[in-house]
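Both of the next two complexes hold chain A, though its partner changes from chain B to chain C.
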Partner chain A sequence: MTEIRFTIDGRACLAKPGQTIVEAAKANGVYIPVLCHYEGLKPAGSCRICTVRVAGRYMAACTQPVTEGMAVENTAPDLEDMRKSLIEMLFAEGNHLCPSCEKSGNCELQALAYRYRMMVPRFPYLWPVRTVEAGTPLVMLDRNRCVQCLRCVRGVRARDGRKIFASVRRGARVAIEIDRKLAARLSEEEARRAMDICPVGAILRKGTGFAKPIGKRRFDRTPIGADIEKGIGR
Partner chain B sequence: MGKPVIATASLAGCFGCHMSLLDIDERILKLVELVEFNKSPIDDIKEFTKPVDIGLIEGGCCNSENVHVLRDFRKNCKVLVSVGECAIMGGLPALRNGIPLKECLEEAYLNSPTIAPEDRLIPNDEDLPIILDKVYPCHEIVKIDAFLPGCPPSADLIWEALTALIEGRPLHLTYDLVKFD
Partner chain C sequence: MAQDKDPVLRHPKDPAALLDVIRDVQAAAGHVSDEAVGRIAAHLKLAEAEVRGAVTFYHFFSLAPRGRSTVYLNDSITSRMMGRTAVARAFEDEAGCRFGEVSADGAIGLFPTSCIGMNDQEPSAIVDGTVFTALTPDKARAIIRGLRAGTPARDQVAAFGDGANQSDLVRSMVVNNIRRRGPVLFGAHETGAALRQAVAMTPEQVIDEVKRSGLLGRGGAGFPTGLKWEFCRREKAAQHYVVCNADEGEPGTFKDRVILTELPRLLFEGMAVAGYAVGARTGILYLRSEYAYLRDHLEAVLAGLRKDGLLGRSAAGLKGFDFDIVIKSGAGAYVCGEESALLESAEGKRGEPRDRPPFPVSSGYQGLPTTVNNVETLATAARILAGGAAWFKALGTTQSAGTKLLSVSGDCARPGVYEVEYGLTVADLLEMAGGAGAKAVQVGGPSGTCVAPAGFGRRICFSDLATGGSVIVFGPRRDIFEIVENFMDFFVEESCGWCVPCRAGNVLLRKKFGKIARGLGTAEDLREIEAWGKLVKSTSRCGLGQTSPNPILTTMKSFPELYEARIRKGEAFVSEFDLATAIRDGCAAAGREPECKESLHD
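For the complex of A and B:
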């Protein structure tokens, strides 16, 4: 198979045909931050945290395939600040009360905020009024924390392939809806996977919580993306 | 030049950030050598008696008294620091921000199962501070110069930030120190 030569911040990299910039970067030990992207799911390009610049144009690195000779800008200060502002926007437009969230320490949005050293969002908090759906036996849907990444819509399905989560309404009123009947049939393992697929604490496995103590959670000691940068993710 | 003067206050918070400050353990002896405390619950000085170099604010603003104390701190402190989640984003008290104030008061003082029927009354004494419609983070009320996240921020984070401010050196925060919980 012919390999594609491209660069990330001037560093020579190789990619396989069809690989997206995020995948190829990962294979070359370069971390491009992602939130709506999840390995194994069709990319959606909805959060734009992975925005990179190629020939002066901004593009979502999770949906854009690598082409021969492509020169990707990933860590330019203005790009990094734009990503940080996206994270801050997500914090300001939801109700992200980290100290009372079961996903704290394992939350990808929080981990990105740590990585980008967000001390306070630069935007005013909107305090949206959102509902919690706890009417299914194994999972709970807390829309206060939802960032509309659509990972649950794309990745959580019933055994017959039907979607369990869906996106309803548009604009500021957009929300994730859960199919109660299908969700009631989720197995223990499927419920666990639904919680894992959610990058924030919007989908939680009921009946258990705060399973790992502070200090042993996913992002307590190592920043998000550190495994890729150390080459472990390759 | 004398020692830098420090003041602290707790607004709508749980005093956990003050406890975290005290959690610096034996470094507190060094702190006493480094700084002089002015208005603070730690020494129980109620009013500012001199200009202050560094003000540490814990908690957000949930009532008119919080706003008054915060504005007083802004007026009297050269550098004002928001300490902890409540000061930075309202924290757990802000859980009420999605509920109309009338509903909150009725739930607490009229409909709560632990209230005897004869005691059902929403407090309205003129000496009581007015409750705000929402819990506000401090930087939405006055200008804040620095933010120390955490619930509470660790003693090490507070120590690092405080000593950096006192010594006038850049803040060095390792990954372990900055956490939101």
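For the complex of A and C:
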């Protein structure tokens, strides 16, 4: 298979045909922050945090395939500031309760906020009124913490292929809905997968909230992306 | 219950039928009940959540009852300029409920809606599928009284409009307002001449002819049509599709409405030419729900073309060229004008744009190579085949060949449709339409550019003021801030909500704009709103978010003095906090009145 030559911030990299910029960067030990992307799922391009610049044009690195000779800008200060502002938008748009959230320390949104040294969003909080859905036996859905990454919509399906999570409404009122009938038949393992696939604390496994203490969680000591930058993710 | 009578069971057990099923259920019952959601999900083997997802995406579908009769009153800025507020009040008084509600007796539902393509005859509304134009408070009251007395909306239309609007299959009060007939779209054309010319050539020659003509897409983006067809043709696949985008939703456009009404034969011929060029057997006309009143007329035209041998088996007499056209309907969503969202919707799903690549030319309808072209583009392509590339290229400017159909509305004496050559200045157009003394002209609708008088010498063409066709004239007394606010409300309402910058960014931009409009902004707020606008434009996934900050950004550029006058000069920070309002809100939340006593600690 022929390899594609491209650069990230001037550094020479190699990619396989069909690889997206995010995947190829990872294989070259370069971290491009992603939130809505989850390995093995079809990219959605919904969070736009992976936005990079190629020849002056902005594109989502999670959906854009690498092409020969592509010169990707990843860490230009204005780009990094755009990413930071998108992360801030997610905090301002929802109701995020980090200190009391069961997912704290394992939350990718929180980890990205740490990585980008967010103190306070530059945007005013919108304080939306959102509902919590706890009517299914194994998981609860807290829409306050949902970032609409659509990982659950893409990655959690019933055995007959039907979607268990789906988007309802549109615009700022868009929300995730859990199909009560199908969710009632989730197995323990599927419920765990639903929780794991959610980057934030919007889908929680009932009954096991604080299984691991704060301080021993995934991003408590290691910043998000550090594994890729150390080459562990290769 | 007989199977064919049940609005669910009469459809195939195919998820692609989802929107058609929902449409029938909504039409029969006025909403999609929980019970219906369950039956639809069972029939199509979908999750109930997915069915709810589709119902709630589209403006004209609803999980809650919308009344035995439903009024959708256009909420565009032009509607407001032409007296919408008084009309809305009359509807409310007579119906006995507010907009967004259903009357207590369940008879009447009142709902606002985005531009319905009648900008030249506002205020307008769709009542039970029938379009009412040029409404007044008296007419509004009469409609509600009629509905309550048992007269269906369609029987309340007293006089029909001009042209095909009078035909038995349309019977609509809509008028065409064709003010200027140019040589391309409105030139003399013998139906079939273009298609017969095309099939006498090879598909590659047809594509070459269109490429040589310099035809750029008329929907607004301006991609070279011949190149699009070529890309599509080159894809190896079992099937190819031609999709006509008849979802003009940009507030202020109505030129496709006029083509669909008066020139459908030319349009369908253009689709057949495209079908021949790309190697398609099927063409799909994606018709916006607001134009559903034209559907019987369009079906009849298709039937006529089949009878004349221009569609169907061996179309235009060419053995092996079996091309036919089907119509699919939208259900109220501006974003479905975006080609990939349109394809999702045509496949029966929520109209959410797709990621690109892949582009529709390689992976479009049902994952097969598809060329999506605007109504005007396809009609123009037919005329190019009939008249030749050289004739067409001689019209317009070097980079923008041909003519453009403009929809002109707002504060002008002669609103309507104008076919003009590219390169016309805004001033020329204002003179034609009788818009002297305009304070601003919105070219390209809310997603386009707001031009101040200093820019009236600018030209309407792809290299200067590109437009899908919407031109709205604002007279000297109009408030620019009110216009921008209406446009931002529109984008917030119509965003699909998929990506962060468009979903949250537009809400934040509107909020910040409101702060400035209320006189609470500073120079810092102007700087920030510009940066946020750039962020939303740069990082959004589709054309909606990539243009939605334009109402703010282009008015800031064209009318800097208006913004300067609104902000607090020399103040670094203005608190938005208002004590009186906060106390009122607090009291409302607590459910008690403040008691004012003399303070002891003064």
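Simple rule for what comes next: the second predicted complex is superposed on the first by the 234 of 234 C-alpha atoms of A that agree within 3 Å, B and C clash if a C-alpha of one lies under 4 Å from a C-alpha of the other, contacts with A are read in each partner's own complex, and residues count from 1 in each chain.
Here, a residue touches a chain if its C-beta (ideal position, glycine included) is under 8 Å from a C-beta of that chain, and two chains touch if they have at least 3 such contacts.
Just so we're clear, the structure is a prediction, and the values are computed from it rather than from any experiment.
Please work out whether A:Tyr114 is in contact with chain B alone, chain C alone, both, or neither, and reply first, second, both or neither.
First partner only, chain B.
Report for A:Pro223: first if it touches chain B alone, second if chain C alone, otherwise both or neither.
A:Pro223: touches chain B, not chain C.
According to the stated criteria, A:Ile214 is in contact with first (chain B), second (chain C), both, or neither; which is it?
The answer is first: A:Ile214 touches chain B but not chain C.
Go through the superposed model and pick first if A:Asn106 touches only chain B, second if only chain C, both, or neither.
Touch status of A:Asn106: no partner.
Should A:Pro124 be classified as contacting the first partner (chain B), the second (chain C), both, or neither?
Both chain B and chain C are touched by A:Pro124.
Looking at chain A, does chain B or chain C touch a larger number of its residues?
Larger number of chain A residues touched: C.
After superposition on the shared chain, which partner residues are touched by A:Cys98: those of chain B (first), chain C (second), both, or neither?
Touch status of A:Cys98: first partner only.
Please work out whether A:Asn28 is in contact with chain B alone, chain C alone, both, or neither, and reply first, second, both or neither.
neither
Pick one for A:Thr136: touches chain B only (first), chain C only (second), both, or neither.
In the superposed model, A:Thr136 contacts neither chain B nor chain C.
By the touch definition at the top of the document, which applies to A:Thr20: first (chain B), second (chain C), both, or neither?
A:Thr20 contacts neither chain B nor chain C.
After overlaying the two complexes on chain A, where does the chain B footprint on chain A coincide with the chain C footprint?
124
Which residues, counting only chain A, touch chain C once they are in their complex?
Residues 43-49, 51, 58, 60, 63-65, 82, 85-86, 89-90, 92-93, 122-124, 126, 147-148, 150, 158, 160, 162-174, 177-182.
Per the contact definition, I'd like the list of chain C residues that touch chain A in the complex.
Of all residues in chain C, those touching chain A are 45-50, 52-53, 56-57, 333, 350, 352, 355-357, 492-501, 503-508, 511, 528, 532, 535, 538-541.
Taking the complex as given, what residues does chain A use to touch chain B?
91, 95, 97-101, 104-105, 110, 113-114, 117, 119-121, 124-125, 127-130, 214, 220-223
Write out the stretch or stretches of chain B touching chain A in their complex.
82, 85, 88-92, 94-95, 97-98, 134, 137, 139-140, 146-149, 151, 173, 175-176, 178-181
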